[in-house]
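Next, two complexes with subunit A in common: one pairs it with subunit B, the other with subunit C.
The block that comes next holds the complex of A and B.
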């Protein structure tokens, strides 16, 4: 089937490496990307006309970023690249795409989802105030437009991104008021054996921390977030938290960047009917795939952080590997040494992933402690108390039912930012494990769809 | 295994079954309701939320009026708020000759209680100037309105439970038989129930059960196509729908007080009956987008943030199956409401409770009898 129509969604590390591998095997894929430029989130390219160099933009990852961009630049004319294009829905064999107000369908025989990840968020009292951003959002502001989210920024949450973005802000000259990590040092030490699977990456992480200390940024470990301070007119004015030693402390700031690692963007796979699996280590649902990225639906594949959160290096391997899997499925010859090499590299990265999950755990206990007045769903402004009432008074112990009764997950974000925390609140109220309350079914559109669109021929 | 005995077993926990359970309890009947999945999951919880009488088959208005009277009493009746707003319903058309049809409907004696008023020309422009220039006229029903379908069936089920009904969710019926004077119901998990009367309110699955009693009906299934925009300031209290004979022109919308505009109409999808999941067809949404811009030009500035579907049962004459079985004593049906059952729900529950308890009902339901599909002997 040399004429198989192969569509890759997402031009980050996984999507670009996948396209490169397919092209080398004689398949010219269509590469659709929501962004205006390639690179994904991690290797996001600045807009044309911006002149920051690679070291400024990507720090220690500059060489990898440059290599990916150069690979893409070589591919660009040889493949069918469609930037600034949102895949908002799909049916078997057909994607629905919107670009600059024009709606087109794109037919596919094979679909490879390299859709990346977004921040995983746990609410806190006051996080709906203007000036509260996700860590990823704070990073995009800096990488894309060279702006800070505030004059004085607090970074709060847990995970590698917390330190990375904080250090990027320091480097860019922004004032970082504090880095507040919910995970204690003890967990990091416990996770050390797994983290040593990738000593280089571990060392990079330690250097980031050292950089923050050198810049005299206050770094607190094992904290408990209490409240984003401020009011409706002023927005964020600071953060209140409990220190690792149990003291209540306050940091003044006009912006907060919040996040607990990442969650995969699984909506397209979900809409395609792909089976999902619950990952115990990170306590979240993601697409069920085999080692090479085949989903439960024939012809639909997934790679990179959109499939499994393992970071950018793993995404490059996974992108190449999923391309090989597709080639195999198309009865094309594939080097088994190449395939095994990627699989071995990914196994190491998987070990590291488990270490990260152990060192910087998702703070499910916070959902239980969340005051009734705290907003869970920022789009619809639904509080933890309202959500709990649907469980306690209306018996909604399943997330879709609780969504129907409470509206948590019905707003603009479609649960992408509130569903995880919402499920934890429901599970805590119902007294069951979070995997027992299910997961929110995906609904189109993947992102809000303008009603000004005009249909055009494919 | 003990057999659980009750006056009435209801199979199917949509709005019809839940409301029937509630009204049967008010009449003192003991009730067990069996729902294979969750209460109000398929048609009852996903529809547009129209509490609309105008435009219905004239022979259905007596039932719709009875239901409307119950909607008006709802918060106190079931001690729950279904977000019912009698905000008015406007049925508009794109062609002058269709205005005459709206006028004829408004003049029918059956529609007297609806207080319909026809708008056209300057009056139309003055009151509904926000509608597109293709709109030539409309029929305004001041007492109709809308409510939140996601809340309705579960609220009736909870109210029924408070009155002593037993609601068994995730309970699938495996076998139903009439033995002697009683119905014997066995579920897939092996539980047994026995009752003198059996009410089938199984929506899109109703005909599977009626067929078991020798009364098959030509029921078809469709997935409604619904969409909702992001919230904008509340400015359009009237529910507005297009009256037309061209399927793709069918569009209706309502704005809820929190600001979102709910949209329905156009093409329907074929549900996946095996996995019991219905999807929205992208072409339906694209059609809705263009039809909405025609009907309400200002809507082009908004985004659709979510779409959804469900599973509804349709009959060829667009009327439900409602009333006693033609072949088996003690067996009753209320299913297949053809996408327009939401407004009728409380009334259907009330009528069925009356029918099961007293043997007759004061509201005419003869046109909906299952016997209309009986094969000539």
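The block that comes next holds the complex of A and C.
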């Protein structure tokens, strides 16, 4: 199969490194990306006409961002790059793509999914109010558009991104009202042995925290979120929470950035029939792959955060490694030293990932404690009480059945921001472990399509 | 306070003129529609399920919370479409609407 048609979906760190490695081996891949420019979310490029330099935009990651962009610029003309293109469905050997109102199919022999991740959300009473944004969204506002999501912003949730984005906001001159982390300090200390797998990254994290304290930003650990305050016309007006010592406190703000680490975009792998696995450490489903990124379906591969949430550095290794796996499967010679090097680097990053999961755990207990009146599905305003009734009164203890009854997961976001919390609510109501209630199946189209689409020849 | 988003840098770009719900506004070249609208107002659209206003959520094309419409009825995702001179945007859904929750 010297002329294998190889398609990579996603031009972030994993997709670009994968394309680069394949090109070096003489394979010219098609690289499809939904964004207009390469870099993914983490190394997203600012629009033409913006003038901030790499250090301002990417901070300590500036050199990595620049290196990835330069690598892409070198290979752009040599590969078949298709930006601004959504893969909305697939069948064996064929992708359905839409770009600027035109639909075309793309045939493949091998498919490498580098589809990335989105924020992982846990609802809170009032999170549907205008002015609540995902944490990653708050970062994109700053990085891509040089704006703050509000005049006074609260950062709430858990995970390293919380501190990174809050400190980026401080540095850019935005007013940060508070950083509210649900994880207590004690878990961070317990996770230290694992976090020391990457001492440099750990040190960077400590420096971010120090920057926030130096800027006199109120940082609270071990909090319990209670409510985003505000009303339907004005939107967000503040946040109410319980402090680590059990006191109820309120912070005034007109914007909230909310997030609990990331969840992988697995819809295309799911539609391809790839097996999924439940990750105990982060308490979520993702694509089951071998160490190199082969899924359970022959010819379908996955790398980066879309396969396993390990961050951008791991995504670069995983992108190169998955390319080597494909080359091996195509009977091409592969340097075993190169392959082993990436695998060893990823093993270290895996250890660090487990440390992060321990230090900043997914707050499943919040779903159990969510008041009946709180909205779970912010697309269609469906409350925790309505979802619990589908379990208690209709016996829907499996998420897809509960979705059919309640519509939680059927709205605009197609479950991206409610499915994880919804599963926790269902599991708690049914009195079972969350992995026993299943996971929402991927559905085509994986994102909404316009009715005005013209079909064109492949 | 008349806007939700606050510009922190990159304000030397050329101006772009567009219309939002019949009123002229000025934005900057390279702005997403979301930034153009939310530096002037506090919301992008009316929720079709409750009385609340919506102002987007994810900014990465995943949540679909930031839809607005052109006068001609074309739907645009405000976080991933850039402003253009002469755009005529409406923030109310042109299709049929249903009774609200509760």
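We take it that the second predicted complex is superposed on the first by the 458 of 458 C-alpha atoms of A that agree within 3 Å, B and C clash if a C-alpha of one lies under 4 Å from a C-alpha of the other, contacts with A are read in each partner's own complex, and residues count from 1 in each chain.
The criterion applied here is as follows: a residue touches a chain if its C-beta (ideal position, glycine included) is under 8 Å from a C-beta of that chain, and two chains touch if they have at least 3 such contacts.
Note that this is a predicted model, so its numbers are computed, not measured.
Asker: With both complexes superposed on chain A, which partner does A:452 reach: first (subunit B), second (subunit C), both or neither?
Answerer: both
Asker: Return first, second, both or neither, reflecting whether A:174 touches subunit B, subunit C, both chains, or no partner chain.
Answerer: second
Asker: Pick one for A:416: touches subunit B only (first), subunit C only (second), both, or neither.
Answerer: The answer is second: A:416 touches subunit C but not subunit B.
Asker: Could you say whether A:405 touches subunit B, subunit C, both of them, or neither, answering first, second, both or neither?
Answerer: first
Asker: Quick check for you: in the superposed arrangement, does A:49 touch first (subunit B), second (subunit C), both or neither?
Answerer: second
Asker: Would you sort A:444 into first (subunit B), second (subunit C), both or neither based on which partner it touches?
Answerer: Only subunit B is touched by A:444; subunit C is not.
Asker: Touch check for A:91: first (subunit B), second (subunit C), both, or neither?
Answerer: In the superposed model, A:91 contacts subunit B only, not subunit C.
Asker: Looking at A:394 after the superposition, I want to know if it touches subunit B, subunit C, both of them or none. Which is it: first, second, both, neither?
Answerer: first
Asker: Go through the superposed model and pick first if A:431 touches only subunit B, second if only subunit C, both, or neither.
Answerer: The answer is neither, since A:431 touches no partner chain.
Asker: In the overlay, work out which of subunit B or subunit C sits against more residues of subunit A.
Answerer: Subunit A has more residues touched by C than by the other partner.
Asker: Intersection of subunit A residues contacting subunit B with those contacting subunit C?
Answerer: On subunit A, the overlap between the subunit B and subunit C contacts is residues 380, 412, 448, 450, 452.
Asker: Mind listing the subunit A positions that touch subunit C in their complex?
Answerer: 34, 36, 41, 46-52, 118-119, 128-134, 136-138, 140-142, 144-151, 172-174, 232-235, 254-255, 265, 378-381, 412-413, 416-417, 447-448, 450, 452
Asker: Which residues, counting only subunit A, touch subunit B once they are in their complex?
Answerer: 89, 91, 96, 103, 105, 271, 380, 394-395, 398, 401, 404-405, 410-412, 414, 443-445, 448-453, 455
Asker: Across the complex, what residues on subunit B touch subunit A?
Answerer: 38, 45, 150-151, 154, 158, 228-230, 258, 279-282, 285-286, 289, 292-293, 299-308
Asker: Hey, which residues of subunit C end up touching subunit A in the complex?
Answerer: Per the touch definition, subunit C meets subunit A at residues 1, 4-14, 29-32, 35, 39, 42-43, 47, 49-65, 67, 74-75, 80, 82, 101.
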